[in-house]
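What follows is a group of structures, each given as structure tokens.
Shared between the two complexes below is chain A, which has chain B as its partner in the first and chain C in the second.
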Partner chain A sequence: MNGAARAATPWRTAFGAILTKDLRMELRTLRSLPAMALFAVTTYVIFRYALDRTTLSGSLAAGVLWATLLFAAVLGINRLFVAERDEGGFDAIRLAPIDRTVLLAAKAAALIAYLLILELVAVPIFALFFLEDAAGLAPLVPVLLLADLGLAVTGALISSMAVNSRARDLLVPLLLLPLVVPLMIAATAASEPLLEAGGPAYDRFGLWLGVLGLYDLVFLLVGYAVFDFLLED
Partner chain B sequence: MSQGKQKRAPTGSGRDNPGMPNAIELRGLRRDFGHRPALRGVDLTVPAGASLAVLGPNGSGKTTLLRILATLLRPSSGEATVLGAPLPAGSWRLRGRVGYLGHEPLLYRDLTGRENLRFHAELHGIPAPEERIQEALEAVGMEARAESRAGELSAGMRQRLAICRCVLHRPDLLLLDEPDSHLDSEGRELASRVIGPDEGRTRVVVTHDPERVLPACDLVLVLGPDGAPASAEVAGDLASDEARRAAAGVVA
Partner chain C sequence: MYGKGLKTLSIATVATLAAAACLVFFYAPSDADQGFVQKIFYLHVPLAIVALAGFVVAAVHAIRHLRTGDRRHDARSYVAIHLSIIFGTAVLVTGAIWAKASWGKWWVWDEPTLVSFLIVFLLYATYYPFRYAIEDSERQARYASVFAITAGAFVPLNFIAVRLAESLVHPRVFATAEGGMPGKMWLTFAVSIAGMALLWTTLVKFELTAKNASGQLKRLRRALDAPDAGTQSRIAPELS
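Our next item is the complex of A and B:
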């Protein structure tokens, strides 16, 4: 009876279980993705008429692209842990013989999937509305991927902290937006030369990709260090 | 219990074997929520393989006690050792060894019953779990509704699924918070076979129905109102009038 602890469930098995569960539930209920995509498309329409411009380039194009993607992401981040809180997922995971950081990793992976789908819809529409040619979109891919990783890790961390508050919808943007300022500066700076009117340029492109990578690394380490404590009562 | 009294030595079921280790040992266990005490000074010893019934009025700390034993809450003070693991420091050693059935079924409403059980099986690292899931579903009479989403099921059916979830990983310790909630008579009968007394498995059962639960238990812990110290402990023949009176005095 008082024997040794049970063997821990392999990290990959637990990660796969949580991620599959999240994606299955989102596909079934469509609670986050349609809202994120609709928000992004509507915002681009508003920018188009508010700025009264048919084309954008450089820093203005990068700003419109990233501000819209960021606020659309907040909608998904708000809901990331709601099922765990409302339906007992936190307790189930705390009772299982798993490394709790698996939950953070799986939630961040789910959010990356949401962001990639959002970008598959929103970025072509952005290009259609505002860009003269689409040559800058291909080199934009690594910028999007690195920014998505940083946004997903930071978003999952903040969402897990805010989910038990009744002011969750207010807390997430209040806590998240200051934290992602460096990420957004790096993402817009890396995107700006790619979206110039005359075609993509690569001024300090590598430097800003490096900054994005460093941001991702720092928040991956922070998440790994603190997430276990966030799950305590 | 600090102010409780031992009426009789535990008897029967091989559960009074002096060589048998204790599954639960509590010394002065206390839990506060802010300035409000939920549990005050609970002392308790439950031998391995025994069943403990926990009785008490609303707000007496029964659920708090269960959540502490499940490692879902930290004690504010006192000592707690569960299955040889001191809490909270050794709580990781208990993961996967406890089956917890709380007020919430811990089921995702948008997953089917089978998907929910598969998710829990994967979290607990059960290899090739389909056969065990099917057995559990059949044991509680839910095989016909296994493909329905949990949110579409009645409260009683969700409770049956929660019972499956609770025992799927074959825990050493069952922590059951009013396990008969929402169950009809057939459900109660089926549940008693799945989560009833079993060789080698320790059970803690919170209940408001001592008439039904006490005969299947070896020990009873009666908690007083407002987090007061437990008022009585009875061991042995819990079907006795004495035990019923002790329980009824608090529960009624």
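Our next item is the complex of A and C:
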């Protein structure tokens, strides 16, 4: 009988391992990223005709940008845990001597990476298509970062719940969209004055960044608290 | 275990609601701006407060379910959400009636409380298709509890965000609800809330008792090898 306790793998090692696995897999198979980027650009074209405008500013610009980013993100979120479910990854995580919330953290981090790459493509193209001057893009970066964090944590949580159900692709948008409404409210409200025609303004910018931060914090805590129960057999 | 006290509770509910109705129609003064129409406030706001409190109660039961694994807490959580959604529908309908009567439009986007409530309602309405989509019943109960907790944490966040999104210049239309109420209105309001809370609790208890009874019946049928009466809902948690 082995009396010595086996040391559990440290959190950081497990996190790094799962994150690199995911990023490497995405790089090799390119399942989500091209689709997300293409979807975003095509949606811009649709918006150009739906709104019958060739330039956007203020609230319309913020609305088009964030709606597009959100729906492109949903595409990525749908596919987040599929490999785990199909190839037995969940069982592997349960058997491994690690803290199970590592999986949620690693998946959320991977999703942040995908969103950042998406935005590197989608936001400049948005500026190219619709904005008259790109001065509002630099202050948009903190908004994008905070919103990405919230979207990633919530998306990873919902995705892990939906992946084991029958109508997975339906369930993710259904559950996710009401939950990210406060995030979207804050992101669009922060972006709207930045994209005004006359140059960026900073109405209540700090307040909205604060709301984004609060949203991120709440869902990080909730996700950390409940994720173990989702992985139980 | 479930049916005890149901009769007393029902009588108390009817009595309180009757008292509230009397107060609303004969005691509370008419509002200066809106007149008689304002009295729907005594129906609409208590319904909303009780519905939201019900969602929080569901989250608490969900936490207890996850901590103890006792399926009865999941049943309580399910029933609490069920009734809060029904109350929520009533909130939205009475809100629309009030909006039409006082502002001339059935729906307004610039009243933050109404919009927040709509978002919360839409979120909890997804509870049913979510449960339905998960086949394994033990996992269904667990995931539903996680959902109830997440959604419970979401409610205050949502109200903050929507409230902030309204321009601070926009007048607070529901001034009567913000502490500008005279004492008579406060009393009527308090009795109305008490009545609605009792109504919610009675209905929850009633539904839990009914589920318990049908669960016991099903167990007896199974023991006797008798054929099942009707189809049991796939998502409603069983109590047996």
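We adopt the following convention: the second predicted complex is superposed on the first by the 230 of 233 C-alpha atoms of A that agree within 3 Å, B and C clash if a C-alpha of one lies under 4 Å from a C-alpha of the other, contacts with A are read in each partner's own complex, and residues count from 1 in each chain.
FYI, a residue touches a chain if its C-beta (ideal position, glycine included) is under 8 Å from a C-beta of that chain, and two chains touch if they have at least 3 such contacts.
In this text the structure is predicted, and so the values were computed from the model without any measurement.
Of the two partner chains placed by superposition, only chain C is touched by A:V222; chain B is not.
In the superposed model, A:A83 lies in contact with chain B only, and not with chain C. Shared-chain residue A:R28: touches chain B; no touch with chain C.
Touch criterion not met for A:L51: it reaches neither chain B nor chain C. Of the two partner chains placed by superposition, A:A138 touches none, neither chain B nor chain C. Of the two partner chains placed around the shared chain by superposition, chain B is the only one that A:A8 touches, whereas chain C remains out of contact. When the two structures are aligned on the shared chain, A:L128 is found in touch with neither chain B nor chain C. Looking at the shared chain after the overlay, A:L120 reaches neither chain B nor chain C. In the superposition on chain A, A:L38 contacts neither chain B nor chain C. Once the two complexes are overlaid on chain A, the chain A residues touched by chain B in the first and by chain C in the second are 232. Contacts from chain B toward chain A in the complex involve residues 20-21, 23, 48-49, 70-74, 83-85, 92-98, 100, 102, 104-111, 115, 119-120, 122-125, 165, 172, 200, 202. Within the complex formed with chain B, the chain A residues making contact are 1-10, 13-14, 16-18, 21, 24-25, 28-29, 83, 87-89, 91-98, 232-233.
Every residue of chain A that touches chain C in the complex is listed here, in rising order: 157, 161-162, 164-167, 170-171, 174-175, 178-179, 181-182, 185-186, 189, 207-208, 211, 214-215, 218-219, 221-222, 225-226, 229-230, 232. Considering their complex, residues 66, 119-120, 122-123, 126, 129-130, 133-135, 139, 142-143, 145-147, 149-151, 153-154, 157-158, 160-162, 164-165 of chain C touch chain A.
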